[in-house]
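Both of the next two complexes hold chain A, though its partner changes from chain B to chain C.
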Partner chain A sequence: MIITQKRSRARKGFTLVELMIATVILVIVGLAIGVVVVDGQTTWNTMYDRINSDVVTDSYVVRKKFDAVIRNASSSKLILAGDGSWIEVYYYADASSTVVDRYARFYVSGSDLNVEYGQLSPRATIDVETVCGNVSECTFKQAGTSAQMKLILDNGTQSQTIVTSAVAHNK
Partner chain B sequence: MKKLLQSKRQGSAVPLAVVSIIILLAMGVGLLGLGFNSRILSIRNSSDIEARCAADAGLTIALFEMNEILKAKLWNSGTLPQATDVSLPYCDAVYSYNVTGDHLGGYVIKSVGKSGLAQRTVYATTELKGLFDNAVLTKADLILKAGTLVDGYNSLDKHDKNTNADIATQSTLDSSITLNSGVVINGDVRVGLGGNPNTAIKDLGANIAGLKYGATQKEPLPQITVPATLLNKGTDISATSDTVTITPADSGTYTAINLKSSTDPGVLEISGGDVELHVAGDIQLGQSCQIIVKEGSTLTLYVDGNIHSRESSGIGVESKAKTAKALELYATGNDTQYFDVKANSDWVGVIYAPNADVDLYAKGDAYGSVVSNNFEFKSGGSYHYDRALKKVSVEDEGIRLVVDRWSEGKS
Partner chain C sequence: MTLAETMVAITILLIALIGTSTFRYNATLDGRKADAQTTAARIALMFCESWQGINGDKTYDPVNHLGSDLKVAKGTGPANPDDFTPLGSYTVAFDDGAGVDNYTMTLSWKDVKPGLRALNVIVAWASREHEGDGNDAIDKSFSLTVYSQTY
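Presenting the complex of A and B:
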């Protein structure tokens, strides 16, 4: 009888059922936390990409560049390609210029959006600047003294459509 | 089991829960921070755009008010427009502007737009723009005869080597501009607002040194009114086989001008200075009859009717420098007019007739500028645009202020 009591004291612990229940609860809780963590991480990555990915930051740069060049351009003429693939505007080199003596042309080369600066007379290229890459589509339009650009940037994982317009202000 | 539950030993559930909460909290804070930064960036961008629009609006309004002052000819510096913190409709932006300078040295407009913390400032200098900015500007059709050379010169500055001269139409219809074979344009060819130059220009073998393009804005063609200072003379000016001389003292309104040829051609001679004539009816030049503007004199003609020129008749200007402003011809009628203008040698002068169809025949070259409804250069040599016409004063007809140079700053 004494031996039996000792044995029963020594066998105290979890039953198999208790262990299984505990394990199931732990697995469920773990999975739930895991799902939430993974979902949160995915959401974070998505949001971060939407705000800070290369196509998004490039879109800001493109807008600023297009805005600056067009607004400073001469409103007397904006030359557009027949298919809207490029636009050329004219501007003054500096404050001492008496006539419009420079041009700037936005165009797509490969997957890059470039802006070419040059002098008019005689016509010669001064500089070509790459504004952004990952261009999948780009069209320009003109209405009066304003120019519009529709640009789609696609880096393979994210696509960003930019529509921007600006009015030429100089003579 | 009972003992285990009563045990004071700590389990792992609470730390696990705390760690989970911290992780979720960190993620939540991170996402909130990301969203907040994105929102701040978005607000800054929209504020910047609003401020820019407000600054542009201020500049446009200041320029409009300047032109209203120009129309009223109130050139007093005290009347220069200014405004402070005017609300831009449908947004929170405000604009302020002020104008400095005078009509001799030019004006500078400063316009500031504000929205939230964003502020944009634009500056513009202005210049006066007259009616004759192109060699030829039409509302509808423009036809140049074969072999016409269109270029520029400057009657006020012999050293000006710029020979650029533009021609333009405000029409966008097909073949609005016809350039016959051998035409040479030493400048641009412009068609109407939004027009397609490839269809609006009928090129039959011309050489265009500049660009072909659609206009970016429609140039206003204001109606010219006859100066109230011209007194009604109640008669016409006529000369039959004789010469009639008109001096500045004879300036006024006449019913018509009739020059007839009998034994000799009738001649109307303008001399002694600046003559202004308003002709309420037609101008008829009989065969070989002439209107001659003598060297040193100018003639400004306001014509309500038509101009008919018979064979070998013409309007001649004696100007060694080929000063186009020596003869100014304005169509002031209410209906469609027709100007049949001839010159026995060179044609020198400007024609502003946006409601008239103008045909120009010259036995020599043509010097000056034409603004008309339809225009055809029917005969003559080359067509030279007087670039001195770009220099205008507040006393000239139909002037307006436009932006000359524009710049932008952040503050």
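Presenting the complex of A and C:
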């Protein structure tokens, strides 16, 4: 009996060439998707830091505090350091005050921006509040009854520049 | 695992990936738009407060008052409101640490009655819509009017 073995013509797998081509295509597509994902993640991180990082949130607080203190101040007098390193404004302690009897002074100590509140007569400090840290530059200017502040916050990885102006509203 | 199962799994992963990317893209775009609008509002308020500080003087010069802190230069800006007298148009290049954005602005004023002056600041910036509604080339603007005693 003669047994003949016939090789099946039906292909039950992929050839090496097909596998290599498929692998190359997959790698190219994978790399393209990877680039898009990494780019999207980088943009997302940048935007997130731009809105939520500590220097940015500190800048919101600084603006709010500066506006609140200056707008509450009397327009009769603002004192500015010769080099613009600090500013002092004066305000009424409460609605029953008949004269300006309080002061608020913005100044930088180390890398902190502080605001000192005190009474005028006799002059005494009531409280010192740290508004924010990471201050690398801070200058104050005056234009009539408005005060301007330029502040640069830098935490080593991100820098935020704040330029703001507020006018003293009270007499 | 069969080929069909693998393809279903890949499809689900791709849908999740595309969904996440779309969400992040739109969130980033919205964040940038909000940031631009907030910055424009702050610039408008800053100029108003600075101008108000000198009682809305007709000779107010933003370049002189804010030029050392901001990159302010004379330029072209949006049209001022009707009945207001233009003071000048300026360009502000604002660097918020993540890049420089340009804003154009126009300052104008109007005497409402003796001793009371309305000060108007309009800040415009390039639109970043990309929604195919034909508004891509239109600048957005923010207008702020404050009142100041002139004495």
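In this text, the second predicted complex is superposed on the first by the 159 of 171 C-alpha atoms of A that agree within 3 Å, B and C clash if a C-alpha of one lies under 4 Å from a C-alpha of the other, contacts with A are read in each partner's own complex, and residues count from 1 in each chain.
Going forward, contacts are C-beta pairs under 8 Å (C-beta built on N, C-alpha and C of every residue); 3 or more make two chains touch, one makes a residue touch a chain.
In this text the structure is predicted, and so the values were computed from the model without any measurement.
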Chain C versus chain B on the shared chain A, clash or fit after superposition: clash
Contacts of A:47 with chain B and chain C, given as first, second, both or neither: both
Chain B versus chain C as contact partner of A:136, first or second or both or neither: neither
Which of chain B and chain C A:145 touches, first, second, both or neither: both
Which of chain B and chain C A:161 touches, first, second, both or neither: second
Partner chain(s) touched by A:114 [first = chain B, second = chain C, both, neither]: neither
Chain B versus chain C as contact partner of A:77, first or second or both or neither: first
First (chain B), second (chain C), both or neither touched by A:171: first
First, second, both or neither for A:37, with chain B first and chain C second: both
When the two complexes are fitted on chain A, the stretch of chain C hitting chain B, from 24-32, 60-68, 96-104 or 132-140: 24-32
Footprint overlap on chain A, comparing chain B with chain C: 33, 36-37, 40-41, 43-44, 47, 50-51, 142-145, 167
Contact footprint of chain B on chain A as seen in their complex: 12, 18, 29, 33, 36-37, 40-41, 43-44, 47-48, 50-51, 71-72, 75-79, 82, 92, 95, 142-145, 167-171
List of chain B residues in touch with chain A within their complex: 1, 3, 16, 20, 23-24, 27, 30-31, 34-35, 37-38, 41, 56, 122, 124, 127, 188, 190, 193-194, 198, 211, 213-214, 216-217, 402-408
Residues of chain A touching chain C in the complex: 33, 36-37, 40-41, 43-44, 46-47, 49-51, 55, 63, 139, 141-148, 150, 158-161, 163-167
Footprint of chain A on chain C - complex, ascending: 17, 21, 24-25, 27-28, 31-32, 35, 42, 45-47, 49-50, 52-55, 65-66, 68-70, 95-98
